[in-house]
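In the two complexes below, chain A is the common chain; its partner is chain B in one and chain C in the other.
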Partner chain A sequence: MTDDIARFEAVTAGYGGRPVLDGFDLRLRRGAVYALLARNGEGKTTAVRCLLGLEPVAAGRVSLFGLDPWSERTRALARVAYVPEEPDALPGLTAPRLGRTVAGLMPRWEAAIYSAQLDRAGVPRDVPFARLSRGQKAHVELALALASRPDFLVLDDPTLGLDHVARRAFYGELIHELVERGVTVFITSHDIAAIEKIATHVGVLRRGKLALDMEIEALKAGFRRVRFGKHVPMPARPLRVESGLWGVEAVLGDYQPAELESWRQKTGAEVAPMSLEEIFVAVADDKEVA
Partner chain B sequence: MRAFLTVFRVTIAGKGGLLLLAAAIGAVPVVVGTQRPELFGFGPLVQTIIWTGILAATFVLGLSLLGDELAAGRLSFFFGRPVPAAAIWGGKVAGGVVVAVAITAASLLPMNFWWPRWDQGPELGPIGLGHLATPVLGVALGMVAGVLIRGRSRWSILDGVALAAVPLLWIDIYAPIETARTHISAIPRLTERQPLRDLLEQRVDLVVSVLVLAAIVGGLAASAAALSVGRASARRAHAAASVTLWSILLPTAACVLVYAHWFLPV
Partner chain C sequence: MPCARPTRAQVSAGPAASDRLTASASLYYNTDTVTGLRIDPSAATPIWSQLEEQLRQLVATRRLAPGAPVPSVRALAAELIVNPATVAKAYQRLCDAGVLVVRRGEGTFVADRPPEMSRTERARALRESAERYAAVARTLGAGTDEAIAAVEAVLGRLDRAIGGSKR
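Entry: the complex of A and B
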């Protein structure tokens, strides 16, 4: 049995003849918390929609639990829960009625999980969904997803538009649940600081393709920011280079300490680790390598 | 079946306001008739007004069943879960038809029971397919219109051309129907020409029934195509609905046109 929960193979997909994903490959392994990062309009949501069978692919293949999510959507989604970018729950229903509605749609619904999630998030029970705050809506969507007891949770930028406190609470809930049950997660987000705390794997989508796909620890070990004086040749090929009055700053995507150590001592260069956000900016920025 | 019932329940929920409105409209002729008994003679006119109101109300109901959710991106609530497109469509159609029939009953029943000269008598009269067809027609056309209006894709060009053709076709179909009706009213009952009268009536009924049936089938099939092909995408749903609707309605109207011109002038 394959260890892949989902797979994209040379996928091309888009809208109105304009491909957003263009030869996109990705494997999501069981147990991973995979964060797909990209700038706006680069195809994160398109990837999610192809994965859930909401959009067909123009070329290539998507599989979810070994099934084609477009032609076998209901079987493929039986163990999947989805939290959309824009809250899509029925606006006239209160949280308890939404729970009862989703209970009729999801085969593994657990009312106790839903109720506990609503309690923890302090969601009022008598207010229709449309009149909840943006943060409360996000919590209801997350509760609906988690109470479905999925094996695979798909979150499409779920904290978009939330303030810092609400985002922190949302990810707090998510981490709590991930620790409890160990579901496989595919998440797209612009909230990279929060992603850094929960992701096990990170992919960066650029120009329709996966520009980077690594385990987060390997990623952080492999990237370094190096500062040194001008006119000093560097022994490794940098991913990006910027120069200013203060000298040169380079980003290394394949940092080998042994290779760089003697050069660092000789030149007095500063080598510093990078946050996920800095790595993302270095990879996703469209500027070519200097 | 569980998913169908869930969608059905959600569709019905929150439509109580429409029923109250229908009951209020239904009560108007009763109240007016009680105060002004001389208006009893206008029963058929009031009846026509009420049926038109029912068609309009059920059309508006149909508009809200698909178009709003499609435009607001809320269909992913169902399509992002393992719910078959058939259950979503079936639940919405069934829920819509139940509410539409309830609107029809709430609008008509007060007048039928309390206005003594409704259609020459206090009874409702034969409840035939015609009574059921109006609310179903309203829901079916409203559902597909919601998709076409809210989809706003390049398929609007096809919709515009087809919609322009509809009144032209209708004028061409209506002319022989009107002529046939004139003939029917000129033929006395219980004479040796009664069979001719019956034949003409049957043919007029057939033409009208086929048109109404095509509109119902076209509307329902187009909304089904919009959901199964379009899923949560308004543009794809529009394309599917447009192609399905017009490929049913226009050829049917053309056939009816030919029939009306060849077989109605007996």
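Entry: the complex of A and C
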């Protein structure tokens, strides 16, 4: 058994003529909190659905705990929990009844985890799921997922539509889980500020492929923005170049520090580090570059 | 916000809801005045490095006194909503540098004698900060005497604030 929880190998998937994933590779190691970022419509949800065996792949291979999630779904998903983008629990049931329903399906269910989470989130016990607030629904979904004591937690944009307070509470619960049990996490999100604080790895999906796949520690060191006059020679291997308000701007994603420094000294260019958000925009922007 | 100093049990307990959801895991002055850490995910500096830098600052300015306890990795991660591994990395680097010490079964503390920077390190750090300040002063059109007077005034205020104990 390797340390891989899940793996995509040259996966092509999607509908009809236009594959959403196209030669998609991703490796998820035990203990990682892997955040997959992408613009809307780039296939984040397709990746999640393939991973969970909800959609077959057209080519390539997905494995989950070494098994094919499509053909061996029950075994592959035995230790996996999922929080969907749209809360989809049975609408007529209250939180305690939802818990009892799910408990029967989950061999490792721990009721104490479930009720402690509901308490912390202040979810009322007597209101049917459909009438809970968006934030309360997200907490119920997370509590259902965590009480089954998964080894692997998959979250598809779980904080979409939540306000700041609810988002903070949601991520707080997630950190609590990481601290207590060290679950492996795969999360897609648009909430880059929160992702940066909790992720160990970040991937950016663009045009069906993984355009960026890095450990968070290496990420900020790996990118630089440079700004220079129009007649200055280009730095080596720019990722993208744009003419900006203050001169020419380039993003470097693959630079040699010594080489960059000597270029800076020769040209007097400005070299600045980048935030994750800036890096995401530079990598995910679909305009033709350089 | 005034805040009771957390007991060791609270700090290391982690799972207690009240512990995680209040400011009890905040770093505090040795005078029971709460101070805090600010993580800025939009900054270009990695989060572990922001944490390391701010903790170093709190120790250097004695807002965290020698021997004072610091929150457990878990408690601080929960409070800041940051991956525990990130907090652990900052703590590890500070332990390696002799700023913090781990006492088994007790927790993590500011070292009794936090290390001084080496003289060359300190000289370099001072020069770099001075360069930035000098550039600002000249941009504002300040003369040398005026610029130095402003620094002296700030230094005097700082010394009074920390009781003149550290010069």
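By definition in this document, the second predicted complex is superposed on the first by the 283 of 290 C-alpha atoms of A that agree within 3 Å, B and C clash if a C-alpha of one lies under 4 Å from a C-alpha of the other, contacts with A are read in each partner's own complex, and residues count from 1 in each chain.
Rule of thumb we're sticking to: contacts are C-beta pairs under 8 Å (C-beta built on N, C-alpha and C of every residue); 3 or more make two chains touch, one makes a residue touch a chain.
Please read these numbers as outputs of a predicted model, since none were measured by experiment.
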item	value
Superposition on chain A - do chain B and chain C clash or fit	fit
Computed vertex angle (chain A) for partners chain B and chain C, CA, steps of 10°	140
Which of chain B and chain C A:277 touches, first, second, both or neither	second
Touching partner for A:75 - first (chain B), second (chain C), both, neither	first
Partner chain(s) touched by A:171 [first = chain B, second = chain C, both, neither]	second
Chain B versus chain C as contact partner of A:133, first or second or both or neither	neither
Touched partner set for A:220, first chain B, second chain C, both or neither	second
First, second, both or neither for A:89, with chain B first and chain C second	first
Which of chain B and chain C A:198 touches, first, second, both or neither	second
Partner chain(s) touched by A:12 [first = chain B, second = chain C, both, neither]	neither
Overlay on chain A, chain C to chain B nearest C-alpha distance, Å	26
Chain C-facing residues of chain A, complex	33, 116, 119-120, 168, 171-172, 175-176, 178-180, 192-194, 196-200, 216-217, 219-221, 272-277
Chain A partner contacts - residues on chain C that touch it in the complex	14-15, 17, 20-21, 39, 41-48, 74, 77-78, 80-86, 89
Partner chain A, residues of chain B touching it in the complex	2-3, 5-6, 9-10, 13-14, 73-84, 231-233, 235
Residue numbers on chain A that touch chain B, as the complex places them	15-16, 49, 52-55, 73-78, 80-82, 84, 86, 88-93, 97, 101-102, 104-107, 148
